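In what follows, chain A forms one complex with chain B and a second complex with chain C.
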Partner chain A sequence: MSTTELAAGSDKARVTRRGIRLSAAGWLGGAIILVYVLVALTGSLWAPYEAAKILTGAPFEGASLAHPFGTDNLGRDVFSRVVLGTRPVLTMTFAATLLAVVAGGLIGVVLGYLRNWVDEVGMRIVDIVISIPTLVLALLIISAVGNSLWLVVVTVAFLFTPRVARVARAATLNVVTNDYISAALARGESTLSICLREILPNITGIMLVEFAIRSAFAIIFIGSLGFLGFGAPPPTPEWGLMINEARANASNSLWPVLAPAAAMAVLVIGINLFADSLSRLIDRQGQNAATEAK
Partner chain B sequence: MSKLVLTRLGMALLSLLAVSAIIFWCVELLPGDAAERILGRNATPESLALLREKLNLNLSAGERYFDWLRSLLSGDFGVSLVADRPVLDYISGRIANTALLSGFALLLYIPISIALGIITAIYRGKFADHAISVIVLIFMCLPEFVIGILLISIFAIKLAWLPPLALIGQANSFGELLRLIALPTITIVAAMSAYAVRMMRESLIEVLESSYVLMARLKGLPTWRVLLFHALPNALGPAINITALNVAWMIGGVVVVESVFEFPGIGRLMVDSISHKDVPVILAISMVMTGAYIATNLIADVLVILLNPKLR
Partner chain C sequence: MTTSARPLVELKNLSVDYHGDRGWSRAVDDVSLEIANGEALGLAGESGSGKTTVAYALMGERRGASRIGGGQVLFKGREIFGLSPSELTALRGRSIGFVPQNPMASLTPSMKVGGQVAEMLRFHQVAVPQGMSSRVVELLDAVGIPNPAAAAQRYPHELSGGQQQRVAIAMALACRPDLVILDEPTTGLDVTTQKLILELLAQLKRETGVSMLYVSHDLASLSQICERVAVMQKGRLLEVADSRTLFEKPQHDYTRRLIASIPRIDAPPADRLEPLPVNARTPLLEVDGLSVSYARSGFFGFRAPPPGSDTVKSVSFNVGRGETFALIGESGSGKSSIARAVAGLTAPRAGTIRFNGEPLPALARHRSLALRQKIQIIFQNPDSSLNPRKTVRSILARPLRMFGKLDSAEREARVIELLKAVRLDPAYADRRPHQLSGGERQRVAIARALAADPELIICDEILSALDVSVQASIIRLLETLQRERGLTYLFISHDLAVVRWFAREIGVLRQGAFCELGDTETTLSAPSSPYTIQLLDAVPRIGAAPVPPASSP
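Showing the complex of A and B:
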């Protein structure tokens, strides 16, 4: 058994012995995320109406038992639309963030490990893409390629990738000086294998936190695009788009505006609480590992 | 040190050049060519050919890019396809409006975030800190268009204190202007301060726990002196970085905020121009915004270098 595997093995044991200890706020955040995921998975089974069904009641009805969040200008049930909106919103967010973290993570790890001219050129490109305001670039790309649900996902992933790559590269620079990397090199492991099997497992924590933080950003970003009319096309019950459609009639009824806004805000707060607590946990583990190493 | 500053300046100019190519290429991908977009459905093959000739569309994309770049350097941004007047003329008024809005926002943002940062740092762990931190967290998690719409619902629709839309062209006195611009300004300030207060708190706490602040306290200096002359200057570096981040955010965020309030600024013009496919205006605004973004980061970099004796 190599030293690397020994280290990794003892690391695993420590985590399981202590269990995952999140703060109370972290648990609350995790619970909020779980509820949204459950709603996204099962919503279509119990939502009272279909998302696009018009005239389920009179337009601009207030809250009642039949319509807990009232109805919008077309008489669509706002509660059903918010509930059914969790699926497209969570899917887009998860897909965009996952793409960005995988692509950005790989780029960052490889660049950080190589540290030669490839790294130099790669980081310059990353700097240049980052120096364009995200929203401006997003509007340009989406107006050029069109705004289907998946093109929005790919665009958001593309915009987040260089930012993730920076974080992954910085994390890699902290890891590559470790002895187990030299050991792996001496064993004759290939570059790819060192990146994937030696570096990646050791920055998983940082990448998890990055994933959580990025997904909160992604929800806001996708919501903003929807709000500007550059997100998923109507009649997708995406929250940003719903807010955009409803705000012209805000003086008639505030429910169609406030319900999706609140749904979005609670989810983002939940993710942030969870991410905050997760990053503290990982910081502490890193410190423990450092003190034990001494 | 001047070498460091010059390197940064060179990098900024290079990025701007690279960005211009990226933006030009994105716009090239817009469906249909400029002639089809201008003439729309009334296009005949002859008129299309004539207009293509006039707009140099027969040249390759590369040639047109360098043409555009050359005229950009001589201050010529082309002619708007929709408004049929020089782009510079068309967007300068909008830029001034956006600058006014951002200026007001910055003016309010700085004292508010410093004051709240100090309060939360001094009373850390106490009620005031918890209360402010919770509010800050909520504002951080709300997208700016949600903050804007909440403000409209409360102050314009329920209470009817302020106008819901910021059509500042209609203002005929300064007081009127302030009323119209109040809600968008508050929206931007709320979104920006949230991050700043959190970061200010962290960096101030670090400074307050340092030995030189303890020394100043032990000398018997009053708290306000310790804060103003010992703690604050040392928290300035991070504060400048946060402000730069915020200004950079604002350059994108302004697009959303202006759309919420139908504020006649450069951000809303960007959205309108994209839906009208007004390419010269889209290019000009993208360049102006990216230029402002890069300049902000450059200024922050230079300020931090100037403030840090180790780099001087």
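Showing the complex of A and C:
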């Protein structure tokens, strides 16, 4: 689902159309993401234990064949919890990032196209939201409204939206100076039609990269909220929450801390590799188009 | 000047390959050339002919993913590609000067121009007995920059395009190189400025005896400055000849066609269509007292813009139905502002525009569907006017959908018909703009304008981004379409030679106002305004003697 399919789908189209390929690091990143998505989809079928099942073995067991990552303070299987945690983490990340990119993209494109007083006012509001430290604002919202998975998603989306809007607006400013926008204006196209038909197709590449980069941020951010106890409620096998729960007993066993942390780190690195390679691919395409234009 | 036995530069069977999407392809194929001491060699060809690649190879520069497929480049008998990077660095700038096409891109924007010239001297550790700053002033003076001491203290953006190019030439000549490579040095400049730069180059060549490689697609300006001209096509060298011989007796077919397609102010094109009969004129477009201003109109637009800030100053003219009216002017003359006002992209500050006798609302979005359909605009650069993400089909289908009531099968048929009308293969419908050449792209832009079935087409400098042979074919196409469909053109151009045989009427704009307006034939044969005379004078003429010594200041 999600990130990979979106990116890989359009990527495939590029490969067949232009014969351009991602770099090796990009493929590695893509493969990592793909593995996580597969685990998220099928994990519940083959995870050895249920996420909340206690005393699957003795507490603080080390790694063994029965418990590859050992057990935590309640004797829960750390491996199963990490595997089963993939799904909520990916779902929340994907939902939050998608919301932010769609909302921020739309705001950015429209403001960048209008470039009038609406843009001035809109961008100042964006500046104000950006200037508030994200974690503080997130904690404020969650503690004021309540604690649920979907609230976390909406909060993260709300925090990322203005940042995405800035990127989308900057990309739009490069596009609106083109004469095909003037041609559309002379034809009498509506503002919405110009934004969606003429501008959006030209910034999808940038928005795709933005999506990939933002989702790496979102994973860390959601993890941080979980760690601080403002994310998913306790029995949920959410990685940030798992690290927090195991932290106090780190002297007994490091596995419950290290396993979810490593899972998160590898995923974030994978996404970053992929995003980096994707943005280079898009840059190079732009260059190719430019040289061919000559 | 002394001509030593050995030529300064020898290219022996040079081949250069580029790595593209479809693997390696040959950009320069087996080219052999020589440049003698003190000689100016012109390198002509259309875009993609490999002429720039040859010029870069002379400096030992391999652009992007390219490799030398074979052959050698000898500079003073030394193999360029055998030199170490530090030897190359010492050679470039010191022995080989370079003047790029776009001076704005080649000068550092944050550094005063005097400092940039001085940097050349300092970097190559050239002895400057008279002191750095006075040498810089000397150099700027030599390239004809007025008040050089003050100009040295300016930033590039404070100079005009012509002066920027003069600074770039001063930098190229600063270390007294043996060879200067000029890559389309006048392409971005106005004709009158171009003439001055050509005069300057001829004078510098006489005074310093420097050798030149002048790369350009403009055969006419090449012929004025170069002793010999080499013509390239698709990476191959077709012929090298004495410039006079080349124009009088071109050996190769391609050269002949290239020469024939150059717009001539003194003779109509060979394949010119019968001029349209003169009808009783009924004006289709009447522009009356049009003023356009881009000045910020005070805080939140409450105050009127300051007087005298108009880009277009109360301009009036009529365009007869089925005729072509040409607006001529240099950059900044306001010609495009008039085009944008008629197209409804810029609101005029004052004045009225009537179409078919009806006053036009200022902005396109306030105009009725029928009006927007009848007035279409084609832009200068098809790279920018066609959305790169759309196929040709969807580019053409959009106006059909807006202005016509066709079902999808009829639309498809119409797209094919339009492509045929602009002489393009219907299979192009599935392509995207970047898969087409510049000329083909401009044809798609014309097809998009035709799709609306208009009465008036505004052509805003639609030829200036195209090669000469392509220009000729586009003009031909426009003339044919005019006869087939009774179109009216408002044709904006800076090129008098193009307009001479194409437009019935002409308006010469200078600083936002007409200095000449009337029938093309009479206006250009007996111009009354000194500016028009100056413009006519600046049009490069083939076979004209090399530019006379610059006696003017």
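FYI, the second predicted complex is superposed on the first by the 276 of 294 C-alpha atoms of A that agree within 3 Å, B and C clash if a C-alpha of one lies under 4 Å from a C-alpha of the other, contacts with A are read in each partner's own complex, and residues count from 1 in each chain.
Keep in mind that, in the parts below, contacts are C-beta pairs under 8 Å (C-beta built on N, C-alpha and C of every residue); 3 or more make two chains touch, one makes a residue touch a chain.
Here the structure is a predicted model, which means the values were calculated and not measured.
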Open item on the list: Let's test your reading of the overlay: on chain A, do chain B and chain C clash or fit side by side?
Closed with: fit
TODO: Check the residue A:G188 against both partner chains and state whether it touches chain B (first), chain C (second), both, or neither.
DONE: second
Open item on the list: Looking at A:T134 after the superposition, I want to know if it touches chain B, chain C, both of them or none. Which is it: first, second, both, neither?
Closed with: first
Open item on the list: Just checking: does A:S251 make contact with chain B only, chain C only, both, or neither of them? Give me first, second, both or neither.
Closed with: first
TODO: Please indicate which partner A:D179 is in contact with in the superposed arrangement: first for chain B, second for chain C, both, or neither.
DONE: second
Open item on the list: With both complexes overlaid on chain A, does A:I54 touch chain B (first), chain C (second), both or neither?
Closed with: neither
TODO: Pick one for A:N272: touches chain B only (first), chain C only (second), both, or neither.
DONE: first
Open item on the list: A:I220 in the overlay: touching chain B, chain C, both, or neither? Say first, second, both or neither.
Closed with: first
TODO: Between chain B and chain C, point out the one touching more chain A residues.
DONE: B
TODO: Report the closest approach of chain B and chain C over their C-alpha atoms in the superposed model, as a whole number of Å.
DONE: 5
- [ ] Flag every residue of chain B that touches chain A in the complex, lowest number first.
- [x] 11, 15-16, 18-19, 22-23, 26-27, 29-31, 137-138, 140-146, 149-150, 152-153, 157, 164, 248, 251-253, 255-256, 259-260, 270-271, 274-275, 277, 282, 286, 289-290, 293-294, 297
Open item on the list: List the residues on chain A that touch chain C in their complex, please.
Closed with: 18-20, 117, 177-180, 182-183, 185-189, 197-198, 201-202, 204, 288-289, 291-294
Task: Residue ranges of chain C touching chain A (in the complex, touch as defined) - done: 21-22, 47, 64, 300, 340, 343-345, 364-365, 367, 369, 372, 375-377, 379-381, 383-390, 398-399, 402, 434-435, 438, 448, 452
Task: Interface residues, chain A side, partner chain B - complex - done: 127-129, 131-137, 139-141, 143-146, 216, 220, 223-224, 227-229, 240, 243, 247, 250-251, 254, 257-258, 261, 264-265, 268-269, 272
